[in-house]
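Before I ask anything, let me first share the structure, which is written out below as structure tokens.
Chain nomenclature is as follows: A, B, C and D, assigned in order of appearance, with residue numbering initiated at 1 for each chain independently.
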Amino acid sequence: MATTPTSNPPSPPGPKTNRIGLTVIDYKGGKTTLCAGCGHNAISERIVDAMFDMGVQPERVMKLSGIGCSSKSPAYFMNRSHSFNSVHGRMPSVATGAVLANRTLTALAVSGDGDSVSIGIGQFVHLMRRNLPMIYIIENNGVYGLTKGQFSATADLGSKLKTGVINDLPPIDICALAIELGATFVGRSFSGDKKQLYNMIKASISHKGTVLLDVISPCVTFNDHEGSTKSYKYVKEHEEVLNEVGFVPFFEDISVDYDPGTTTSVSMHDGSQLRLRKLEHEYDTTDRVGSMKLLHDSAGRGEVLTGVFYVDTQKPSFVELLNIVDEPLGTLPQELTRPGREVLDKIMQGLT
Amino acid sequence: MATTPTSNPPSPPGPKTNRIGLTVIDYKGGKTTLCAGCGHNAISERIVDAMFDMGVQPERVMKLSGIGCSSKSPAYFMNRSHSFNSVHGRMPSVATGAVLANRTLTALAVSGDGDSVSIGIGQFVHLMRRNLPMIYIIENNGVYGLTKGQFSATADLGSKLKTGVINDLPPIDICALAIELGATFVGRSFSGDKKQLYNMIKASISHKGTVLLDVISPCVTFNDHEGSTKSYKYVKEHEEVLNEVGFVPFFEDISVDYDPGTTTSVSMHDGSQLRLRKLEHEYDTTDRVGSMKLLHDSAGRGEVLTGVFYVDTQKPSFVELLNIVDEPLGTLPQELTRPGREVLDKIMQGLT
Amino acid sequence: MATSDVAVQNLADRSDQKKIVNDFSIQVATVNGSGSQSANNVLLRSIFRMGIPVSGKNLFPSNIAGLPTWYTIRASKHGYIARKKEIDFLVAMNAETAREDALSLSSGAAVVYDQPLNLEAVRQDLTFYPVPFDKIVAQVCPDAKLRKLVKNMIYVGVVAQLLRMDMARVEKEVQKLFARKPRALDLNMAAIHAGWEYAQASLTKTDPFMVEASNQTTGKIIIDGNAAIAMGAMFAGVTVVTWYPITPSSSVVEQLIDYLKRYRVTPEGKATFAVVQAEDELAAIGMVLGAGWAGARSMTATSGPGISLMAEFIGLGYYAELPGVIVDVQRVGPSTGLPTRTSQGDLLFVATLGHGDTKHPFLIPASVMECFTMAMEAFDLAERLQSPVFLLSDLDLGMNNWMSEPFEYPAEPIDRGKVLDAEELHKLGSFARYKDVDGDGVGYRTLPGTDHPAAAYFTRGTGHNEKAQYSERPDDYQANMQRLTRKFEYARTLVPGPEIVAHGTSEIGVIAFGTSHFAMLESRDQLAKEFAIETDYLRLRAYPFTQQVFDFISKHDRVYVVEQNRDGQMLSLLKMELAAADIARLRSVRHFNGLPIDARSITDDIISQEGK
Amino acid sequence: MATSDVAVQNLADRSDQKKIVNDFSIQVATVNGSGSQSANNVLLRSIFRMGIPVSGKNLFPSNIAGLPTWYTIRASKHGYIARKKEIDFLVAMNAETAREDALSLSSGAAVVYDQPLNLEAVRQDLTFYPVPFDKIVAQVCPDAKLRKLVKNMIYVGVVAQLLRMDMARVEKEVQKLFARKPRALDLNMAAIHAGWEYAQASLTKTDPFMVEASNQTTGKIIIDGNAAIAMGAMFAGVTVVTWYPITPSSSVVEQLIDYLKRYRVTPEGKATFAVVQAEDELAAIGMVLGAGWAGARSMTATSGPGISLMAEFIGLGYYAELPGVIVDVQRVGPSTGLPTRTSQGDLLFVATLGHGDTKHPFLIPASVMECFTMAMEAFDLAERLQSPVFLLSDLDLGMNNWMSEPFEYPAEPIDRGKVLDAEELHKLGSFARYKDVDGDGVGYRTLPGTDHPAAAYFTRGTGHNEKAQYSERPDDYQANMQRLTRKFEYARTLVPGPEIVAHGTSEIGVIAFGTSHFAMLESRDQLAKEFAIETDYLRLRAYPFTQQVFDFISKHDRVYVVEQNRDGQMLSLLKMELAAADIARLRSVRHFNGLPIDARSITDDIISQEGK
């Protein structure tokens, strides 16, 4: 074997690696089966970016989801992380068990508004109360995408379905609810706001309690909710041709970029306007009651407020409350999980 | 037969009757099987008083409940009303069906904090959103009485069970939640505050949407939560004798009477203090965001605010939204529910 | 992915062709979300209107757009409308699956395909018709965005021409479809014509498959099972409908909403119904039972996962004796399974749904006609029995189009069971809710709001005596449970009996139900023709089983129970009830790969069990 | 309310008395919440410590305070510890039920009662012992508030004296009970003495029942089944426990928390476990499966209603192949039913829980010893099978005190099944989660966090291939389902086999399981002694059935399947699997009134079916 000493050769211009030496490919998932232009795909991309840039080892992440288009998306990012696509509306409990079994991993949950807010609101509420350490992303499109567009409990009052059905029930404000219930990192973003969403996910990774991110994520196929002003332009112009729901036009991703403290309007694929207001940099994220009031007020004005609304780094997480050992419970050795013979003897003594 | 004409004889001093000629006996239920001194019994009595005094015909009321000591209580008032004691945590859905089947009746639901806020929070949330016309009383004792005293999701942070277990999760504020979600008549009272509770129920009867009453109702058997200052006096003095949970001491009902705008402390059976603050008469019950802030602020101060917090008489109820006929759907005649032969013919035509 | 469960075929010499008329299957392979449904419908309906019995089956993926989908149309002059294993005529529009689609065809099949796919290289024993779809569509559709959609109509034209279909008929169907959308009509019509013309000009027909006008479908309708159930529910007088969306049941309620809005609104514009999209299936069934208790004819529609979630409430319904109709459009489980594939896999679970000793009746429609009639029967049954009653359809029946005789207006008035009103109470003085007055196990009930001081009773899932009073007495509990058993025996006399075709001479019986029916019919013909095996046939229509079922079984040496699940669930239900001597006669035929069962699978299985 | 299921007795002449030693049952009739439990425990333990086999059964209402409760102690020198139908010695403390309690006694029974009740007027054929409890208690307990409670200890003294028990023994038990509460000890001791002295001074024993010291319980322990399961779970190394309170299972977890806190905390004070009180049973089982997936030994405990709510998740567990242990302490259903009464009514439902084709193994402990051992076995099984495994106990076993040999420390190490770690993966290079490498239907799994790039796989309830990739292919689906069937067959070889007592000569076999066991043993003796019918006995311990079960059945002409439910659920499960010839041998004995089954009921039923 040649042992010629060499100076460090200039590394060949390979793909960019992160601090743990992985390339972005190592964070990719399978090919998406969601509709082209679906907001969920953009969110998957931001997750990949944030995880890659933060140098999180994919094997140290577990992905959790319920059922829905959104809940499928863990199949489309980070193939090197274990993933559990569970049942509809009950992912929070699965996540709770998984985190308790291995508190050393980063739990990343992806769910939909139907999955978490309609059928799943019960488990959602109790998860928030517990402050389980995990990142919980709700890909919020106001409809059940996977079952072809019925309203979810986050649909705006007055939204209209293709079938003409109008939503006459008030939407649930996930963020206000999460803060009310005790979540310790609560924010809202938009699938098209690459920078904000990316930064929010990055910030989430190091938080020690429940991170709840409500990400507005348009369903390009079924979202013809009449928003503030306009109707679904594309459909309007071609409505006669769109003879069946089975046709899914191909959409480009929507994206926005705007400054904190300002409001911007985004044209959705349906031609409606989404009014986003980004919080000021100097907003006080530790004022629980204040943040809720802000959310209520802005909802009253018809604005979708984005940003991180509330952060509490002091409140103990659920695993801290349970005072469990630092190692994963799931792989503790028998020496630690089966008490010795003397313990059984002692108990038996007490029973005679 | 003697036919001697007589002037109207002075009616014999019979029991008092209400405007529809019934006596209070007509509003009674079966003998309670709850513990003596249980707050739930006092609430049953207030329901009887209010229904009697308002002259509601008992046959025009339907009682609904889930499972728990509280949920049993419909058996102990108004025997002349139909009643449905359903399954644990899912009464709201049963009530929804029943109200839709017969919108002309007064639906009176009684549930517990475990039934509605632990297992039942999912259905609770969606019921509030719908503004279904019904009176929904939560007999709130912070524990599961019927299964012997485990914490519910309304247990106060730091409460302690007889077994020594301490509650380390934050309580859910039912009233704040109900207002957040869209309930249109939200109040809190205390089982021992006869006057306030009686008046609140009376007011509820004529409301056209969801009335949510969170009634603090001490569980005398399992409520040894250490409140603000003192511990369970009686137990303290005799603790050595109380050798088993199976013993249920007989308690007197607790009652209070205090003025609007003031705060009062009530000694609970466990010796702890419950600080109640009654809203001023002139409080604005139509300010949604304000009422939530008030609740959050007072909870922050460790006070239990009582009174009616929020009333909205404008919001359409669920039956109004559904635009159903005025008569009970359940008993519509076949002429109205089975379309004629010509309709079938027409549909068949369209399918050939 | 395989388009069918036929293994990829080896090459074989093309056999000499003769004309095969009105007896073949067409498969269109495409991706979902591409808008091919209208095109396939036009094809299906055109053949149907030409008088040939047809069936259409959509094999679609569990997502919204971009994944492989297959639509199969079977034309059969014999009237066979079950799935046929072999595809005779393929329209290969999906690049991703085209190769495998072509490879799994039988020798001699025809393939229309998108020219760039170069499919003809794959095999030599097929007839290939390359079509430059993109070129043709560009000519008829100037708007590039719409081309993907319009492309589909081009293959309609090509296929119509190749099969020698009646173009006027095709045009009529297109006109019907786009009656209210003139621009779409023009565009689609142009596309069909372009396809037709291309085929006429550039393709030489060498395959044997042809459509010739007939008169076998005169007066018939086409409808899917879910719509038929919806119609039945409306004519049953349903008043409270609750649901939570789930494939393949969603369209039951979506279609029902349509019907109700159209035909169940009073002149004053008020609805004589309430439909609630519930927050989940627990809530949906809770509402159904609450409504049933308070007097409504109430129903929900769901599929497997929803049934699982309803278990606790259904147990309450059984024990507290509450009417309600649950439509279960079965899909492949366990768990989420294959949500867009068909199955008869919930039978056993539904029959005993809920902890403790429970038993529930269910009806099993085999046709869209029965979807209609049994939906009505289910409501009567639920109220007569004061108990939840299930209607077990499946994805194949529910979401596919089936031809049928037109439905008939119900001959009998609605039967609301034993309900006492104030007047009757006045005569009786009092009543005991759970007293078995008539010996059939069914007590009399009153509805909330009944204006009589003795009307009220307390409904509960806990132990109770005849007077509906709380009771933990062993004798009360036992007597009540025994009465419920009596009631189930009574149900046996009320549910629809089986349909029996028996020559009385055969020693072999076959039992099938639901959508296995049509494959069973065809298989019986195969058995008779190909193997000279005559069979008697009993089609189950309900659980509990009626006496005829027991009689049929005991009259045959061997009885094959054919079903679409892995564990032989109907067989299990039969074994639970039958005497051992009769159990000895039972054999099992099971099909459980998510595709609708086909005659050949049954025939092969029976033949192998018969040792032939 | 009836204290037992014996009909109210007609008067009969008191038969001549002789001494009846160590063979009778005592019943204490009181109201719940009155604190009689300690008193009854002292009685039970004193007799037990005197060396006589005992069993105690608490028949309590579903509320917290004020309703009738009966506690029955059976002393049996024959070792019979099942419920006995007849009560020999009644302590009537409850005014509300006293009359009926006395009326349902057999002639010759003894009754201690609260003097003001004037019970002696009711019948002439009983021995009555009036006791002025209020007067006596006033003397020993100055604090009026405590008298209701202390009163109970007075009857302990009275009964102990009348039965001629060893007072020193009684005193020792009281001392044990109140070891850390000196004031309570003094008070209770005084009460017992007062009772004893009153009896000695004022009552003349005329009944035949007596306790005499023996040596039949040496070395034995007393414990309830729920605590035994808790102990088994702890020694099984459980790490994640979730629950939602429900009678009669709550104490499984409450006791487990106690044990874990005591014996499963590291020297640093950290817990090697997590216990979560979930928001309901859906969440509880979701947590169990999530934890099992991520590597924990996880469990939950519930009863019927909880099982119903878990249906969807259990189906996921079956299909996505997730380990988890579910303890079902069965109570009377359907629905809420009789929540404080016992039943074996969830068998069939559990066996096929979840929509679609599902099958779940369950273990059935018959004793507290098996509660301990089977809890451990359940965890090994769940991980070896990668599937939910049920432990089916019941209220009778779980909440009552049973004597037992002391439990033995597990001989085998924990078996965590097929899990690949990073090192093994490194050797293998890759793995396919659902590949049947070993032919037993069980694939290899990896845990999240395994430090290898090929470790991850995607867990889902939807169709998948061997590599855990999403698949809707008919062949993938079918192959996977067939593998799951193979796995269930493999389970058959792993579950505990039956316990068989066979002389090999009898033509009659009996099959029982769980808490029916002790009544069955006693009934076999009755059959043998009273009717000269010898029986062979097979005690089922698990589902799926092992080969021994089939063999046993085919070796007997008639096999009685004894169970505590209405519908013969175990019979149904057997029928599903047995050949017809063997099914013909089966007979059914069912007991379902909420009381624990007793020997006499079985014997009578068998005798009548035997036509004797």
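In this text, a contact is a pair of C-beta atoms (placed from the backbone, for glycine too) under 8 Å apart; a residue touches a chain by one contact, two chains touch by 3 or more.
Because the structure is predicted, anything quoted here is derived from the model rather than measured.
J.: More contacting C-beta pairs: B-C or B-D?
T.: When B-C is set beside B-D, the one with more contacts is B-C.
J.: Taking each chain's centre as the mean of its C-alpha atoms, give the chain farthest from subunit B.
T.: Farthest from subunit B by mean C-alpha position: C.
J.: Taking the mean of the C-alpha atoms as each chain's centre, how many Å separate subunit A from subunit C?
T.: Between these chains, centre-to-centre, one finds 37 Å.
J.: Could you put a whole-Å number on the gap between the CA centroids of subunit B and subunit C?
T.: 44
J.: Identify all positions of subunit D at which a residue touches two or more other chains, and write them in rising order.
T.: Within subunit D, the residues that touch at least two other chains are 61-62, 279-280, 305, 312, 316, 335-336, 460-462.
J.: Of all the residues in subunit B, which ones touch at least 2 other chains?
T.: As it turns out, subunit B has residues touching two or more other chains at 87, 118-119, 121-123, 125-126, 153.
J.: Which residues of subunit B touch subunit D in the complex?
T.: For this pair, the touching residues of subunit B are 33-36, 67, 69, 72, 87-89, 118-119, 121, 144-148, 150-151, 153, 163, 165, 221, 238-244, 246-250.
J.: Per the contact definition, I'd like the list of subunit C residues that touch subunit A in the complex.
T.: The contact residues of subunit C facing subunit A are 32-38, 61-67, 143, 145-146, 148-149, 177-178, 181-184, 187, 244-247, 250, 254, 257, 277, 279-280, 305, 335-336.
J.: Which part of subunit A faces subunit B closely enough to touch in the complex?
T.: So the residues of subunit A touching subunit B come out as 118-123, 125-126, 129-130, 153, 168-170, 172-173, 176-177, 180-182, 288-289, 292-293, 296-297, 300, 316, 321.
J.: Tell me, which parts of subunit D touch subunit C in their complex?
T.: Touching subunit C: residues 1-2, 4-5, 61-62, 304-305, 307-309, 311-312, 315-316, 318-320, 332-341, 343, 345-346, 348-349, 352-359, 460-463, 471-475, 477-478, 481-482, 485, 565-567, 569, 572, 575-576, 580-581, 583-586, 592-595 of subunit D.
J.: Quick one: in the complex, what on subunit D touches subunit A?
T.: 219-223, 231, 234-240, 242, 259, 263-264, 266, 269-276, 278-280, 282-298, 312-313, 316, 406-410, 413-414, 446-453, 455-462, 470
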